[in-house]
Each structure stands twice: as structure tokens, then as C-alpha cells.
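Residue numbering begins at 1 within each chain, and the chains themselves are lettered A, B, C, D and E in the order written.
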Amino acid sequence: MNNFIKFDTSSLWVVLPEIFLLSAIVVILLLDLFLNKYSQQVTYYLTQLSLLITGLLAFNLIDHSQVIIFSGSFILDNMASVFKVFMMVATMIAMVYSRHYLRAHLLFRSEYFILVLLSILGMMVMVSGYSLLTLYLGLEILSLSLYALIAIAHERVYAIEAALKYFILGAIASALLLYGMSMIYGISGSLNINEIANFVSNTDLTSRKTLIINFGLVFLVIGIAFKLGSVPFHMWVPDVYQGAPTSVTLFISTVPKIAAISILIRILVNGLGSMHSYWSDLFMVLSILSITLGSVVALVQTNIKRMLAYSTISHVGFIMLGFVTGTLTGYSAAIFYTLVYILMSLAAFGMIILLNKQGFEVDQISDFKGLSKHSPWFALMMLIVMLSMAGIPPLLGFYSKFFILQQIVSSGFITIAIFAVIFAVISTYYYLQIIKFMYFDEIDNNITINASMDMQLVLSMNAILILVVGLFPDFLIQLVLSLF
Amino acid sequence: MEKIYLIIALSPLVGAVIAGFFGTMLGKTTTHTLTILGLLLSTVLSLYVFNYHVLERGEVFNQNLYTWIQINNLNISVGFLIDNLTAVMLVVVSFISLMVHIYTIGYMYNDVGYTKFFSYISLFTFSMFILIMSNNFMQLFFGWEAVGLVSYLLIGFWHHKERAVQANLKAFLVNRVGDFGFLLGISLVLVFSGSLDYTEVFLSLEKTIDQQLWGLDLITVICLLLFVGAMGKSAQVPLHVWLPGSMEGPTPISALIHAATMVTAGIFMVSRMSPMFELSDIALTVVMVVGAITALFMGLLGIVQNDIKKVVAYSTLSQLGYMTVALGVSAYSVAIFHLMTHAFFKALLFLVAGSVIVAMNHQQDIRKMGGLRKKMPITYWTGLIGTLALIGFPGFSGFYSKDMIIEAVYFSSLSYSSWVYVVVVVGVFVTSFYSLRMFFLVFHGKSRVDVHTAKHLHESVSSIIFPLIVLAIPSLMIGYLTIEFMLFNGWLDNAITVASSHISMAKLKYEFHSAASMIPHAIQTLPFWMMIGGIAIAWLFSIYKVQWANWVQKKYYRTNYVLESLYGFDRFNDLIFVNGVKKLGNFLYKVSDTSLIDKLLVNGSTKVILLVGKILRLIQTGYVYHYAFLMIFSLLIILTWVLFTGENPLFEL
Amino acid sequence: MGFEQIIFYIFSFWFVVSSLAMIFSRNAAKAVLFLVLAFFSAASIWILLEAEFLAIILILVYVGAVMVLFLFVIKMLNIDKSTIKARFTGYLPLRLVVAIIIIVEMSLVLGPSQFGLDVFSVPARHSEDYSNITVLAMQFYTTYVYPFELAAVLLLIAIIAAITLVHRNDTNRKKQSISEQVNVQAKDRVKIVSIFLPNKKEK
Amino acid sequence: MGISLLSLLIWLPIFSGVLVIFIGNDRANIARWVSLILSILIFVISLSLYTSFDSSTHLMQFVEKSSWISQFNINYHIGVDGISVPLIILTTFSTILVIIAGWEVVTKRCSHYMAAFLMMEGLIIGVFSSLDAILFYVFWEASLIPMLLIIGIWGGVNRVYASIKFFLYTFLGSVFMLLSIIYMYNKGGSFAIIDMHNLKLSFTEQSYIFWAFFMAFAVKVPMFPMHTWLPDAHVQAPTGGSVILAAIMLKMGGYGFFRFSLPIIPDASLEFSEIIIILSLISIVYIGFIALVQRDIKKLIAYSSISHMGFVTLGIFTLFLSYKQDIIEGSLLGLEGAMVQMISHGFISAAMFLVVGVLYDRLHSREISTYGGVINTMPKFTGFVILFAMANVGLPGTSGFVGEFMVILGAIQANIWYGVLSASTLIIGAAYTLWMVKRVFFGVITNPAVSMLKDINVREFSILAVLAIVVLVIGLYPQPVIELMHISIEHLLHQALTSKL
Amino acid sequence: MVSLSEYLILSSIIFCIGLVGIFVNRTNIITLLMCVELILVAVNTNFVAFSHFLGDEAGQIFVFFILTVAASEVAIGLAILTLLFRSRGSISVDVTNSLKG
């Protein structure tokens, strides 16, 4: 029965990061049983260590030639490796920030880290998924971990409510996505992205089959749009961002975006790339709605997490604009934007966490009042982050917007570009609000920063990175361009 | 020669700089010595220049000093044009300025701003030199504005006096109205000639032929615009309103700036531009008519004034009108001639007035004077000379110049010149009436001086008396001495152009025999008897039957009212320009700028966006079934869109 | 109308009816039972589609385990009683219209012109020795071994998550700590607490 | 030359700023001295830019080029010509003034204050020397950040509103510029400004690009009706902020017209020049009337700035009309007049705002009605004020005259009415400036606080004296400035008059 | 013979009933979970039908995994539900609106 095992075990090493991570999860899980509550720090350090090693393993696979194994359900290409490395780095940073928050709010539990690791695993599966099945499973691994992560603060009413909303809406979205997948499967007869791509590109675009593909496409796009948090499938975003513990919000707002982008790329670009003209219109509408609603509603928020949620929606609109262009460079622009956004979002939520102290939940914009007086350094860091989010050069956020705009304009969507920049300006207003509270207001909030040095250090580096990469963005741009 | 001109121009500047920056350090005596020495140098050199150019018929000096700006072929430089006109002006300006400097020692000695004052008047002299020595329009404008600046500073010299600072602002602004036209004129000159240099401009005048602007010949427009500048500086109706106000400044500068030199800049300028004005009869007519109106109506105002300086000021306005009339009838040299004589006797009159004011302890109301003749004999006599010169008493310098103007008008062939002739003749009567009225009220009759002042009443100090005497001499004689050379022997010929069609000067020359013969001839003319009439009536009202004056005032109270309200110019300006502009500004600021643009458009759009945000956030109700419904509803919309409107729709709608 | 069709329509009818009954049921426990009925119908239809293994799984796993879990929770939380106050949203007609339009649109797409018998002919029935389970099993452990592993991870998450969430915190538990009791010192017995006035402007 | 001059001029101030931040607010005095010495050093370096500049060519000089973002062919490409050199020197000069002006006055976060200005100096020099459009945009926007903070932190009561308004206004304007730059890149494949000069564009394209650029530059200049941010920003900004804002930041708009609008889109510029001219004239006249009724000294000067900057745009855009009538000098007069006006306004407005600063430091009021009779207690100061007021009025002999004179001469060549309207500033400008001077400085003292005023100290005296000298020198002898820029402007004129269609 | 179309339409109807169930229901959250299950069964039916008509097992295998996922989802969903009940004492959909705006 040799043909039972159809994969070559020697090629398993390309799955090494995943295998290692899963093993690490199991080990930590078991180890955790024998740790008392005073040594839970160990879990944290083990988590960081396993993230680091996974990242290194993934890093080792960068520039590896493209490999598709497991009967075409797993792909290793440059994009996957780079995304994985980036995810690991982002998660490590997020965990550094989380530790402070968890300690301050008595949420420091090893399950938290295990769930994070599991969700990372799910995202790795998504990033490398090359069949509808693995993509779906990865998505569910991610989603289920996130539901649990949000609800982990079960003393907080908001957190449970957020988890519940996310859960229900997420389930609907998954179901819609599945429905779309079933249609694609039904018309193409395969779950494999590669075969779907072949089928679609061989299909006469005038035949009735395109109608079915189109029909399925609608559901797929909606499912993906939900994961990205694009209007009108954004409703979960503000509630979850606000309700979840800040460290979870930090996590949700950053790393899963890569996963969402990669599922988008795998299905819509790799799979249905030749149907581009069909889904780009949808994307255009969704992104315009996202930019508009995100920018405008964020203006009237007073809760900083909620405000950042709406700003995320607006950023997602920009990311989706990159996919409207239909060129590989355009997709690169979207990826660039995503990576940049993650870097900024990490720093922004990191700043919120930084201000948390024992039992004091920081989530109002006005909590930043007078920061520049008590900690000029971190006020400066926040300034950099906010201006970067607003897209002011020479900070990194500018280049991401620039890249997208350049692609949009070169594809001839000048009106949309004009629209986008106008809303970019409008959105600047609420970033300035934070700067206003930090710098311009005199009233004292008596902010003390008692985070550990590692958090302070990482946060500073995070923000400075935004500036430095902003000054020398060439490397990062070259990197994202090499992904396709 | 270039160095001499430079020294003439710069020595007052050096004096001004020293007095201005180091005056308080150096002390009063050093300061005034230095500035006066500087002026003396200028005066002496001016006389030398006068001698060289006018008497020895030296060559016209026209040279650029340095390039101000150079753009391709357009060169605007700072340079000197010294011809006979300039030479005459140099002498007049430097001489009177010197006298005023000396006079100031006595007049201002106790003022806190003594050194500053010297700095200013020296600076003024410098500016005036720049103006008259200029060889191009830019530099002319430079000097033009610079004298305006100094005038502004000096009118407001006593800055604690509200009326003084009000007056200097008014003076500057009214002058700016003139400058506005002047600058436009200059710009148009550049447009047609491509240069701002006098010589080049005058050479390219034929380019303007057949060019039209605003329905007039281009050259007419240019001349009128330039004349607007002259109207501002030389205080012609209706831009005269600043000059009476300027009397708020110290008396020496009233003499120097607002009588003798600066206000005549307009006259000088028009004479300088004579090649242009000669091309436009319309412009000349306007000049003449404006001058005539100023001459008569400003004179009339002099009758009802009781402030000694104001009377002199209105007489200045009137005399400036005469000069302008002369310009209008193409008798430029006559205008310059009158400018010169007027400079001497009007400076003298002002200084006399100043002397009286000092003696009266800064009392300026002539109704509270009287009988000063005995207390202040020198002042009296010099004042008498000045007055007689002003009214054109035969033999005095003013007689020659004014008579020439009247004659020139008489001979003019311009339309309306016959009306203007009537006006200027009547003007002679008016002039002599108000002049003598003032003179009688101040020096003759019973003393109405209050007791306290009367005790200290005495003749002024020597530094005041000296200039009076020195100025009295030319007031007496200069007309007699120079009329022939200046008007008919071509002193000014290399500076002034008169078109052959404008025959006044030619006829004058034909009529003229000698200076001496004019005196007997005058007695047979109407102007002489007008003057005598004026004197008589003045005597009647101010000495013989003072109560008649009051009776006339009451009887013709309407006329009196019109005169005392200065024809309502000030009220009109206040109402229309000052208040109007303020109202307009407030309207624009409040309605257009603040409400419309800022509140409505700028902040309004922000508010709209915020409002939209507030509305849109209502979508986020918090109910999960609403969220789900929105998702499904969006699904419906998208599905419908894709199925029915896509590129390959299921159903054609 | 063939036998197969009759079977199909009978079960379809029950499927739809029980689904509707489930969503409009005011009693949660009853709703679960309607759902069970719906699952039975679905399983029957799957058997029609020769997916015996899945049909059995559906009944065993879903009806046998998941639905019981639902019932268990309902009974545990005692929420079936609270359903008396149940009501539907005010805009029910609008919502139903939306749903019906979607159904119509989907049916148009999925109608016979796309998926009719002339497009997709009915495949021949498998032979009697065909084992659906064997075929699937062969695939699970070869082609789909990777997803299979992932499914394992998924279940692991479900376990961890469920325990983490529902399991109460240590802090709430009265647990004896012997080492703490032994190491206790006199000064730990009394704790001086400074009492602040409560902040009146508590949000 | 190891380190190239221009890079040094851009980065030295920025790193100086960083250095000064690290000195910290606790050691304010060290921070002050270090800032002063560095800014003087930078000024000296910028002077060497002038001395070694070759004004006989329009080509860019001191060019540096190295790859920055290779994907888009964006380079770190800098260089200067006769248009940028004077503005760079103006920048370095103004920074010194600002640092001295803030010497004792700024006590709150002193080192941050100094650092903000130093950094802004570097960024603005970057704006004036960028030859790559994206680099230009980066500097352009980045320079907003320090200004935002300066107004917001050290500003007046209403500073938050003013700073955010300033930021959003200018940001909104400039994003359109970014889009058109991107558009041109997509068309021509290069972000180099010089390549854009040679890029063929159809008329429709040009029109869109023109209005996009207009949005960016007109807001900055600022031009009616996009000017309302300026009074707020100026009034609320600290003295130094106002000085930099007026002296340099407004010039960035004018510079933009020179560097971008005219050479890149000549046909659209020609087509729309009349609209711009009319807006400029409205700026000049309308704003003049508004300035007249201001009760706040700073607001008055702010409005006067708008009015004066109207001459810059007027001068720039009359070139087309003058050219229609074959008067090349007319066009040049307008353009060079605009440049001179920018430089001169840099000095004069700086001086005027410093003057207000001096008063504000003493009485903490900007209301005109608070003052009156200041001359009695501050004679030296009033002397300077009158000089600067006269310069503001455009009195010959001061630098204010030169630019206005040239622009009016140029404008009248285009159309007599333009000349008439622009020349009306002679009256209006004089009216609002001198009326303000009269109410603040002349007359009797009504407010007892005024009678307690102390005349300016050595620090203030020296700043004002230096400015006074510069204002007079440029007014009396502007030729060196014109010579510096002449060839570049002539080349620009040639570009602007060469149709791309 | 039952056509594929009929199966698909059946599943689409069930699918929509599930969707409607979510948004017409204010009763309690547990019904929402059941609706999700219903939707998943509808999708599963889709897959099974396709699998049958295509003669390809992949669809059935997908269904197998979906069932796994659904089961896990229920576990977590019910856990969250329990938490909600603990904190609010109710599982009415109406109580979960403290996060809004």
C-alpha cells in the first residue's frame, strides 16, 4: 500500500515552522499543568522563545523556491515565509505589550498565551493554505482562538459581549464564505487553488459558468471583507476592539490582518485572479465605503480603542484599494500597507497599554491628557505613531498611502484617489485630537508609567522604527515587491 | 562735478544720521552745529552749482550713480540730472532749509526732541534733494515718498497731541492717494516707453501717439495720473485737506515743508514733465482749472480763519493754486518763478508767524493778538515785507510772479482760460483781504493780548530774527532781480519744453519790457486795484469798524457757515471715506471673511462632517441582529448588483 | 415523478418546515428538537446523495452529541422558561422580504438553466460493494492528512477554550495553601488599610 | 569637499534639533546657547552657498543625487538655483532671529522650542532645495509637524483650534499636489522635477494638475479665499512661530508656483492666469479692508501678510498677460518682483511680528486698545516700529517698496486695471498700518500699564536693528538680489512661455 | 430524477431560513447558535450534492471538516453563552448592546 502515503516526508521540513509551533504549544500546555501561579512567567518566556524559533525557522525558508505539498493544500512561497516571519515578530512585540496589560489587570494566565499561539498556528495555516479546505480550517483555528481570547477576561461584561458578537457574526461570515467555496467547488470540481485558477482561466468569460463563479465570488468576497473588517461587514470591529481586553485588541488589530490579506490573496488573486474585473468593482465600492465611514465615524469617538477601530476600518479601505488595481504591484502596495499598518497599530495600542496601571483601564482619548509633560519621550513616540497613521511624511504611514495612491492613479482611478486623499485628510483630525490631548492641553492627569523596561524599550523601538523605516523605506518596498 | 552733487545730497543725510543716532549723546549745540554746517555746505555748493549751470550755462549733468535694478534692457538706476531747473530748486531748497535750521535753534530749543527734530529736517532736505536731482521716475518717486515720510514724522512730532497724530495720518493717507495716481502714471510711462529714465522717456514720446486708454489719449491719461500725484503733494482741491492739518507740526517745518519746499514738489514735477504735459491740452486744462479752483476757494477760506498759522496755510494753498494755474497755461517757468518767490516770502511769513507764536507763548488765535508792532518791530517789518510780497504789491517779489501768472492766463488759448482769468483776478482781491486782515489783527489795533502774556511779550531771540531778516531780502528783491532772466532769457530752457501752440509765454515775452517798467504798468491794471480793494476792506473790517465784520458775518451767515466748515470737505471725507471704509471693512470682515468663508465654508464643512459622523454612528446600534441584518442586506444589494448589472447579467433589466 | 423525487420532496418539506419551526419557536428546548428534526431530514437527503457516512455522522455527532449539549445548556441555565416574553423584531415583514428576495435570486442562479439535469446529469449509482466510508477514509489519511491534523488542532482549541472560559478563576476558589499557612507571620495577620473616601464621580 | 554643502544645510539643523532636545528642558540656558551657536553656524554655511553660487547659469548647482526609493526611481536629489538660494538664506537668517527672540520669553519647554525651530529650518531648506518631487513633498509636509507643535504648545488661548486648523488646511491643500505628482510620475516615469518640466501634458491634464497645485500653493501663500487659517494661526502662534510662518512658510507656496506650476503646466497657467490674478487682487484689496478694522495687532499684521503675499501671486501670473503684449521686461518685472516681494516680506513680516512680540511680552495683550502712547515710554522701539511700518507700507528705500513697485509695474503692463487695483494698496496698506501705529504708539498714554513699559533691551534692539539694516539695504540696493536670481528666472520665463501642447 | 438544481435550491432555502433566524430573533442567543448550525447544514448539503454530481469525494471530505468545525464552534459558543448568562443573568439578545456607537 505504498500509494497510501502520497507525500514525501523529506519535504516535510518546509512545514517545520508549523510543526515546531504545534509541538511547542503542546509542550507548553503540558508544562503549564505543573507550574504554580508564581512561575507563570515561564509560560510567557516559553511563548516568546517558541515564537522566536518559529520565526527563525520561517526566516530560514525565505527565498526558498515555491513548494506545494500535501496534495496541493499547502504552499510555501516567499510570501508565506515573509508573512510568517512578520507575524512572529509582530506577535512577539504584541506579547511584550500584553504582559504588562495582563499583569495590570490580573489576567495573566497561561491559557492566554496558548490561545495566542494557537491562533498564530491558524494564521500560519492560512498563509500557507493552498486549498479552500486548509484556508477554511486555518481561518476557523484563528477565529475560534480569538473568540476565546476575547472572552478570557470573563469578569468584564464588555469582553463577553464583544466575544459574543464577534462569534455570531463571525459564524455567519464563515458560513457565507463556505457557501461561496461550495459554489466555486461545484463549478470547478476542485478545492485546490491551483486547479481553480486553471479552471477559471480556461473558462470563457462570456459563458454562463462565469455567472456561477460570480455568484460564489460574492459570498467569498463578503466572507473575506468581514475578516478584513470592511464596511458594511465591519460591525464587529468597533465593538470587539472596544470590548476586548486591550492586549487582545492589540493582537486582533494586527497579526490577523496578515492572515486576512493572505486568504484574500490566495483565493481572489491566486485562485480567481483572472476574474479580477469582477471582484475589483466590489472591492472598490467596499473600500470607498470603508474609507468614508471609518474616517467620519472615528471623528466622533471618545473611546480611543473604538476610535482606532474606526480608523482601522478606514485603513482597511486603503488596503482594499490596492487590490482594486489588479496589478501585482498594486497587491504589493496593499501588502505594504498592511505591514505598515500593523507596525503602527502595534505601537498605538502599545501606547494605550503602557498607560495602564494596576486596575486602571485606559481607554479614553482624554486619558492621554498631559502625557507630554509626564513623559515627553513617550508622547513623542505617540506623536510619531499618530502622524504616521495620518500619513504625514516622512513617517512610514505616508509611504503606504503613497504606494497605494500611486497604484490607484496608475490604474486610472484618479477620482477614487482624490476621494481617498480627502478622507485621509479628514481622518487626520482625530489623530490630531490625540496629539492635542498629549501636547496642547495643560490639565493634569497624573500619568505614571510603571511598565517594565522591556516594554518601554520595545515600544520605543517600535515607534522609532516607524520613523527610521520612513526615512529609508526602500528595503521594505523591495521586500513586498519580491513577494509576487 | 559728480562729487559736488553727491556732497550736496549727502551732507544733510550725514547730518541727519549723526543727529538721529548720536544726537542725545552729542548734546544740543553739537548737534545743531553739525547739521547746520552740513546744510551750509550744501547751500554753498548749491550756489556754486547754480552759478555753474545757470549763470555760466554749464552742460547738463545726467549720469547714473548705481544700478538699482537691471532686468534685461530695463535699467532703473539711481542717478542725477542736474540742469537749470534743478539748480534753481537746489538753491531755493538749500537756502530755505538752512534758514529754517537756524530758526529752529531758537524756536525749538526747549523741546525734548530737539536733536531728533534736527535729524528730521536734515533728512527732509536730503529727501528733497533726491527728489529734485533725480534723473528718473523711480528716484523721483523715492524722494517724493521720502519727503512724505518726513512730513509725516514732523507733523506728528508732538505725538502726544491727538490732533497732531490725527493730522499726520491724514496727511500721509491723502498724499498716498496722490501717490496712487502718480505711481500709476509712472507705470504707464514704463508701459509705453520701456524705460523710467527722463531722457529716454521724453525721447520716446511719439510712441504714445494714437494710443488710447479709457477713451482718452494715452498721454492725457498719463499726465492726469501724474497730476494726481502733484495734487496730493501740492495740496490741490480736493486733495488739499491735509495741508491745514499739517499746521499741527512745529512752525519751522510748516515753513520749510508745508510752504516752501515739499508742497511745491508737485509744481516742480509737472514742470519737469513739461514735454509730456505739452502733448495734452486736456491735461493742461484740467491742471489749470484745478489750480484756479484751489487758488480762489482756498483763499476765501483764509478770510474766516483765526489761527495765525491756518491763515498762512490757506494762503499757501491759494498760492499753490496760482502756480498750478501757471502750469496749466504752459507757463512753467512762471510757475517755477512763483514757486521761488513764494518759497521765500511764505517761509518768511511762517517764520514771522512762528516768531509771534513764540512771543505769545504758543497762542495762535489772531483775535487774541493785536498791537504787536511796537513790541516786536523786526518781526513786524519782516512780516510786512512778506505780506506785501504775498499780496503782490508792486515791486515786491510776489508782484512779479503773480502778475506774470495773471498775464499768462490772460494770453492763454486754452478753453475756460477766460473764466480762469476772472478767478485769478478775484483771487488777488481775496489774497490781499485775508493777508492784510491777519496782518492788521496781529500787529495793529488795540492789544487783545491777555495780561499774563503781555508782560513777557518781547522781540524774539537772534536765531529767530536772523532768518527773518535774511529771508526778507529775497522776498523783497528776488522777483525784480530774476524775472527777466528766468522767464525770458532762457534760464530754464534746457529743462522746460513748451509747445508752439501754447502761446502764453511767447505773448508774455512780447509784452514784457523790463522789470522796472512793470510797476507803473501795474497801476493801470485790474489786479492792482483788486489788491488795493482788498487792503481797504481789510482795514475797514479789522481796524476801522470791527463791528462791521461781525455784522457781515451774521448777515451772510450761510456763506460764513460754508466757509467755516471748509466747504464740508472734511466732513465729506469722514463720512464717505473714513466711515465708509471702516464700515466696508467691518462688513467684509464680519460677513464675508468670518461668517461666510470661515464659519460657513471652513468650520461649516467640519461641522457637517462631524454631523455625518454622529448620524452614521447610529448605525452601530449595539444589537447583534441589526448587525446581522445589515450584513445580509448588503449581501442582497451586492448580489442584486452582480447578478443584474454585472458584465454578464443573469437578467437584463 | 419517481420514487427518489417523492422521497426528496417529503424530506425537503420536513427539512424546511422544521427549520422554520425552529426559528419561530418561542421555546428554546422545542427549537432544539425542531433542529434535530431538520438534521434528520438533512441526513436523509444526504443518503439520497450517497453520502452515507456523513449522514450517519450528522446524526451521531450532531443529534447525539451537539444537540444534547444544547439541551443540556438550556436546562442548566433554565432559559426555556424565560421564553414566554419572546417577541420578534418590529420590522419582521421587511426582513422576510429581504430573505425572500435573496431566496429568489439564489434560486434563479441555481435554477435548472445552470444546474438542471441537462447540465449535470445524474451520476450512475455506485455498485453495491461501494463503501463510502472506505473511500473517505483512504482520502483522510493520505490526501487530506494535513487538514485532518488541523481538525485535531481545532478540537484542541475547542477543549482549551471551553475549559478556560467556563472554568472559574483560581481567585474565586477557596483553596488551602499549606505553605502560606506555615510561613505566616504576626505582621501578616493584621493589615492596616488606609481608607480613602470613595470617588463620587465614579462613572 | 567631504560633506556636501546642501546636505549639510538640511541635516545639520535637524540633528542640531535632536541634540537640543537631548539637552533637555532643565538645562534651558545651555540649550539656548547651543541653538544660537548652531543656528549662526548654519547661517554662515548658508552664506557660503551665496558666495560660491554662480549666478550666470540657470542650471542647478550643488547638486547631489543618490537613490532613495528605487522602486519609484525616487532619489535624494537636491540642488539650488537662483530662486532657491535667497529663500534658503532667508530661512537660516530668520531662524537666528527666532532663537534670539525666544531667548527669555520662552520658559516653558525651552529646549523643545529651540529644537522645533531648528528642525523646521532643516526641513524648510529641504523644501527649497529638493529636486525630486517626492522628496519635496516629504519635506513640505514634514515641516508642518514642528509648526503644529509650536502653535499648539506655545500658542495663545485658542491655540488648539488654530493649530489643528492650520494643519488640516495646509494638509488638505497639499494632498492634491501629491496626487498630481503621482499622476505625472505615472505618465513620465520620473519624480525628478526637472523631468516633469519636460513632460508633455495635454491641456486637460494640465488644467487638473494646475488646480491641484493651486490648492497646495494657494493655501500656503495664502490666497483668497483659502486664507482663513492664517489669521488664526498667526494670532495664536508664539512670536517665533509667527515669524517663521510669515517669513518662510508662506514663501513655500510662492516657491511652489515658481518651481512647479509655471514650468510644468505652462499652458494651464496661461489659461487660468486671469483667475489667479483676480484672486490675487482680491487678496490685495479685500484683505486690506479687512485688515483695516482689526482690533488685534497680530491679526492685523496677519491680514497684511495675506495682502502682501497677493503681490507675489499677482507678479507671478501677470507674466503671461504681459507677454501677450510682447513686453519681456514686464514679465520679468512681475516674476522678479514676486521673488523680491517674497524675500522682503520675509524680513518685514518677521520684523512686524517681532514687534508685536515685544509688546506682547510686556503687557500680554494684543488688543490695539490696550496700548496708546507707547512712544513715550519706548522711543527707540517706536523708531524701529515706524521704520518697519513704513516698509510694510511700501515706502521707497525699504525693501517693501521694491517688490511692490516691480509687481505693480509688471501688472500694469498686463492690464491697466490690475495695476490700478494693486496700486490701491498704497492707500489701504498705509491706512491700516499707520492707523494701527497711531493708535498703539502715538497719542497720550491712557493705560497706566503702558507708562510702566521699559524700552527694548539689547537683545531686542539687536534683532530689530539687524532687520532694519537688511530692510534698508535691500530697499536701497536690490540689484544684487535680482542679479542672483535673474538668469534662473529668465530660464523659468522661457519655460513658462513654451507651450507643451 | 432529482436534479442538482433542486438540491441547491433546497439548501439555499435552508440557508436563508438560517440567516433570517438570526436577525428576526430577539428571543435568546442560543437560537442564534442553532441558526448557525442550520446554515452550516445547508452549506453541507450543497457540498454533498456537488460531490455527488461531480463524482468527487472532496466535497464530502470538506463536509466532514465542516462538521468538526461546527462542533468546536458550538463548544465555544456555548461557553461564551454561559459566561454571558453568568454576568447578565439573561441571554436575551437585547441585553447585549452596551457596546455601540
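Basically, a residue touches a chain if its C-beta (ideal position, glycine included) is under 8 Å from a C-beta of that chain, and two chains touch if they have at least 3 such contacts.
These numbers come from a predicted model, not from an experiment.
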Chain labels contacting subunit B and also subunit E: A, C
Chains most often in contact, by C-beta pairs: C-E
Most remote chain, CA-based centroid, reference being subunit C: B
Chain nearest the overall Cα centroid: D
Cα-centroid distance, subunit A relative to subunit B, in whole angstrom: 78
Subunit A-subunit D separation of Cα centroids, rounded to whole Å: 44
Geometric centre distance via CA averages, subunit E-subunit C, whole Å: 6
Subunit A and subunit E, separation of their C-alpha mean positions in angstrom: 26
Junction residues of subunit C - those touching two or more other chains: 89, 95, 99, 102, 106, 109, 114-115, 144, 147, 151, 154, 157-158, 161, 165
Two or more partner chains touched - positions in subunit D: none
Subunit B residues counted as touching two or more neighbouring chains: 617, 620, 622, 624-626, 628-629, 632-633, 635, 639, 643, 650
Pairs of chains, among all present, that meet the touch criterion: A-B, A-C, A-D, A-E, B-C, B-D, B-E, C-E
Subunit A partner contacts - residues on subunit C that touch it in the complex: 106, 109, 113-115, 138, 141-147, 150-151, 153-154, 156-158, 160-161, 164-165, 169-171
Touch list for subunit D against partner subunit B, complex: 165, 169, 225, 228-229, 286, 289-294, 327-330, 332-333, 336, 373, 375-376, 386, 390, 395-397, 401-402, 405-406, 408-409, 412-413, 416, 419-420, 423-424, 426-427, 430-431, 434-435, 438, 441-444, 477-479, 482-483, 486, 490
Complex interface listing, subunit A residues touching subunit B: 164-165, 168-169, 172-173, 176, 205-206, 208, 210-211, 214-215, 217-219, 221-222, 226, 232-233, 235-236, 238-239, 277-278, 282, 293, 296-301, 426, 429
Parts of subunit B lying in touch with subunit E, wherever the complex brings them together: 617-618, 620-626, 628-629, 632
Footprint of subunit E on subunit A - complex, ascending: 132-133, 136-137, 140, 144, 147-148, 151, 154-155, 157-158, 160-165, 167-168, 171-172, 174-175, 178-179, 181-183, 185-186, 189-191, 238-239, 242-243, 301, 306
